[in-house]
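Following are the structures in question.
Here subunit A shows up in two complexes: once beside subunit B, once beside subunit C.
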Partner chain A sequence: MIITISREFGSGGRELGKRLAEILGIAYYDQEIIAGIAQRSGLAEEYVNSIIEKRPVTYYPITIGQTLTAAFTPQLDFSLKAYIEQSNIIKELASKSDCVIIGRGADYILREYNSFNIFVYADMDSRLQRCRQRAPENEQLSDARMKARIKAIDNDRGRYYQFFTNRKWGEKENYTLCINTSKTVIKDIAIPVSGLLKSMSHTLSGK
Partner chain B sequence: MIITISREFGSGGRELGKRLAEILGIAYYDQEIIAGIAQRSGLAEEYVNSIIEKRPVTYYPITIGQTLTAAFTPQLDFSLKAYIEQSNIIKELASKSDCVIIGRGADYILREYNSFNIFVYADMDSRLQRCRQRAPENEQLSDARMKARIKAIDNDRGRYYQFFTNRKWGEKENYTLCINTSKTVIKDIAIPVSGLLKSMSHTLSGK
Partner chain C sequence: MDYKVLYEKTSMAKLFTIVAVPGVISMLVSALYQIIDGAIVGKVLGSAAFAAVNLVMPLVIINFSIADLVGVGSSVPIAIKLGEKDEKTASEIFSSACLLIVGLGTILGGVLFFSAEHLVRLMGADEEIVAMSAQYLRIYSVCSPVTTIMFAVDNYLRICGRVKYSMFLNILLSFVSAGLEIVFLLVFKMGIEGASLSTCIGLLLCVVLAFKPFLRGKMQLRFVKPRFDRTILMSIFANGAPTFLNNIAGRVTSIIINVFLLRLGGATAVSAYGVLMYTDSLVLPILYGLCDSLQPAIGYNYGAQNYSRIWQIERRCFAICGVLSIVMTAIILLLREPIVGIFVKSDDTALIALSVHALSLFVFAYLTRWISLATQSYLSAIGMAGYATIISLSIALVFPLIVLFSLRSLGLDGLWLNLPVASLMAAILAAILLLVHSKQWRRLKENI
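The block that comes next holds the complex of A and B.
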């Protein structure tokens, strides 16, 4: 079972993905990890191999992603070379074992892999609330500034997706399931979502 | 729990709604029933009252809807009067008991009712396949004609919805859950979907 998660910033999509990986006992790849691997692949091939050669059995801690993030700029990130490397890595990871992949247009990259593609979204109020809950103590952004930040991040995601896929980000036709998490506690829905995904792994023609 | 189901023709949305009502043990209102009630309300108010005064405990058989359908034309159906009557009836039904309501822009009509709004869609191939499966033996439409029919029905639904709501039909922001049933057996997903809906009935602020 290959699951890709695309999500609006603050919608809880990453948490949902992480929980799905835990529940299903499959690998978890976060966007920064994958982007980081792709970026570094030219520089330290051995490092990449050490990650992708292993058949992953548990999810990677989210902190690995965060330490990698600082190392590259959006300019680099957008380069075609990185995208191609990243695509190859995502395909290799998906070929190796069941997994959850967050972001990076994985739904498009894995379009031949029969993946479950989930889009997670929410209204602005609950996204603001989630961002506040996970913000560091010393971060005191106004609602207006927080909102602007959320929109900016989603614009980047949309542009990145459209640039590389020529599809519109978040269009439901490209997803198996679109979940509005506006009034939802992610922890509560993770098990039911995993159950729903399992029930969807039958095909019409197979019955 | 109020559940509205909007769906592309041939996506299996009606079957999903009917099964959800059965699983959850709540009322089931199909589009023709509601439209029929609205249409008739001027002529036979007692009939309408006899339906809406009762607190329904099980779903109505789908065949009731089909016998009513023939009685009215799209022209009548589109009239504002019918829409207003229908809106009132849908609100009364939703106030009376938990229920599943199929179609009729109920997601918009019940926007103050904290309803779960589901949009069911699928790719054209599986919609064609579903339509073939449920078509009468003597109906021999070509794929091209069947496809044209599916598109025409969805166009009508989209126009009806947009006319009365000023929203775009099928835009995920208006729904709690959008389910792509392209490779899915409806019978298999009904219980998991009902579980997911239950898990979503918590609010962020409530935790």
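The block that comes next holds the complex of A and C.
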């Protein structure tokens, strides 16, 4: 069983993914993918982290004064390289064993692998609360700033997804299950969700 | 290539040599052909032809830019699909994009062909210039379905890994075009049509050579039945649009300035401005080549959070740009007469005098131009495309237009001073944006 989790920032998607992996006894991949990309492409891990879930910059001047020059696109090349390595790594991991993969457009990358795609979302207040709970102690952002940050991260994710998959992020047709985790404790719903997955996997395998 | 070692650990001197020098040289080679072209037209055909070429060049470039929009915009989905080993979809996008470019080239070529005379007359040129400009533009228009695709195919070759072949073709293009131009103009004694014909034949030859590997069927991309998928088309335009708009902005400014030049000083003024633009084509590639070639190193270290390394690189980059700019300003000032002499016939004393005067005012732009250029490149490298675009649009369109209207009482001198003043404004803008950015940066460092 392959599970991909796409999520709004602060909705608890990552936590849900971890718990599902524990309950179902399958692998959970997140940072390992970054390490893999870094190793295969020769780029630094922190660099990969910073470009990997962002829509790449596609702006570059190709005329200067009265001349036309060849387009010089080093950053785009890196973003594409990282994305392609990521695709390859995710496909390899999925072929190797059952697993849970968080984000990275894995639902699109694994579209031929019969994966179970979950989209986790929640209302702004619940997400704000979860972010505050998990924030480091010395971080003191106002509510407005925090909300802006949450929206910015989600926008980045949406643009990244759209750029590489040509689909709209969060659109229900892309997912097997969309779950609204507002005012919910993830720990409480993890087991029922895993049960749901198990029952649905029998019907899904006919897909 | 081990980027980690190159970008994080190599000494400054070595990094600059490995990265910046090739960047500068490749940019100069592209610019060199344009300059030779301008010089031949100016010296052999005279200043009226030179003015005619400078008048319609922005239109020619706009034509090419539309093809580049599709070329650049389609490169990204093609590269992604090839990376996913989906050669079928990649080839479909490739075929559709090529067809689209040829189609757009035909339509635009047609529009330019029939409106050529009218457009140039609208700008305010007299009949002699109109006739020459129309001739020049018409040849480009007729060839545009098969020549505008050149830079797109170049891109596709590089996506498929044929980087050396692409470089070879670019160099071949310059040689063939320059060679043909010398033969047409000096041996066959052709007029202005020889100039555009030589470039178009050069382009046609290189387009054919560029497509040859694809037609053989041995590349990852092949010609297949094209599929016009709405989402793919939209993503092509979305990817290509920012580049296109940025390039168009500069051309629109050129056209507007040309109109004013014609009104204030006739074709002679247009020719003088042409000399300034060709000088620009020599200076800017050096600065762009240096700054843009450092972008991967900057971006990489930014992502890896090696902020002190970024400071090391940028400090040197800005310093080199500043020193180079001052040196180039001095050289151009000292050598202004020989420089003008490259493009203007020695017996055309009026034009020489005007051009020398114009160049003396214009050259001061380079004292400040490097500030906005280096800042734009740096902000773009660290992912702040928004700020970079603000600077780029300001220097290409907004500030020149503001200065145009502010300095109109100065007549022609106002036009020569257009870039110097706009460049100063852009430098101030760049400094402000850098200050804003460094505040965010400090906050970032505290949050690590």
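Note that the second predicted complex is superposed on the first by the 156 of 207 C-alpha atoms of A that agree within 3 Å, B and C clash if a C-alpha of one lies under 4 Å from a C-alpha of the other, contacts with A are read in each partner's own complex, and residues count from 1 in each chain.
Note that a residue touches a chain if its C-beta (ideal position, glycine included) is under 8 Å from a C-beta of that chain, and two chains touch if they have at least 3 such contacts.
Predicted, not measured: the structure shown is a model, and the values here were computed from it.
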Which of subunit B and subunit C A:N155 touches, first, second, both or neither: neither
Touched partner set for A:F119, first subunit B, second subunit C, both or neither: first
Touching partner for A:V185 - first (subunit B), second (subunit C), both, neither: first
Contacts of A:I84 with subunit B and subunit C, given as first, second, both or neither: second
Partner chain in contact with A:F164 - subunit B first, subunit C second, else both or neither: second
Touched partner set for A:E139, first subunit B, second subunit C, both or neither: second
Touched partner set for A:S95, first subunit B, second subunit C, both or neither: neither
Intersection of subunit A interface sets (partners subunit B, subunit C): none
Interfacial residue positions of subunit B with respect to subunit A in the complex: 119, 121, 123, 126, 129-130, 170, 172-173, 175-180, 183-185, 188-189, 191-193, 195-196, 198-200, 202-205, 207
Subunit C partner contacts - residues on subunit A that touch it in the complex: 41-51, 54, 56-72, 74-76, 78, 80-81, 83-84, 87, 139, 163-164, 166
Of subunit C, residues touching subunit A in the complex: 1-4, 8, 23, 26-27, 30-31, 34, 54, 57, 61, 64-65, 68, 72-73, 76-77, 79-80, 83-84, 151, 154-155, 166, 170, 231-232, 235, 239-240, 242-243, 246-247, 250-251, 254, 277-278, 280-281, 284-285, 288, 292-293, 295-296, 299-305, 380-381, 383, 385, 388-389, 392, 447
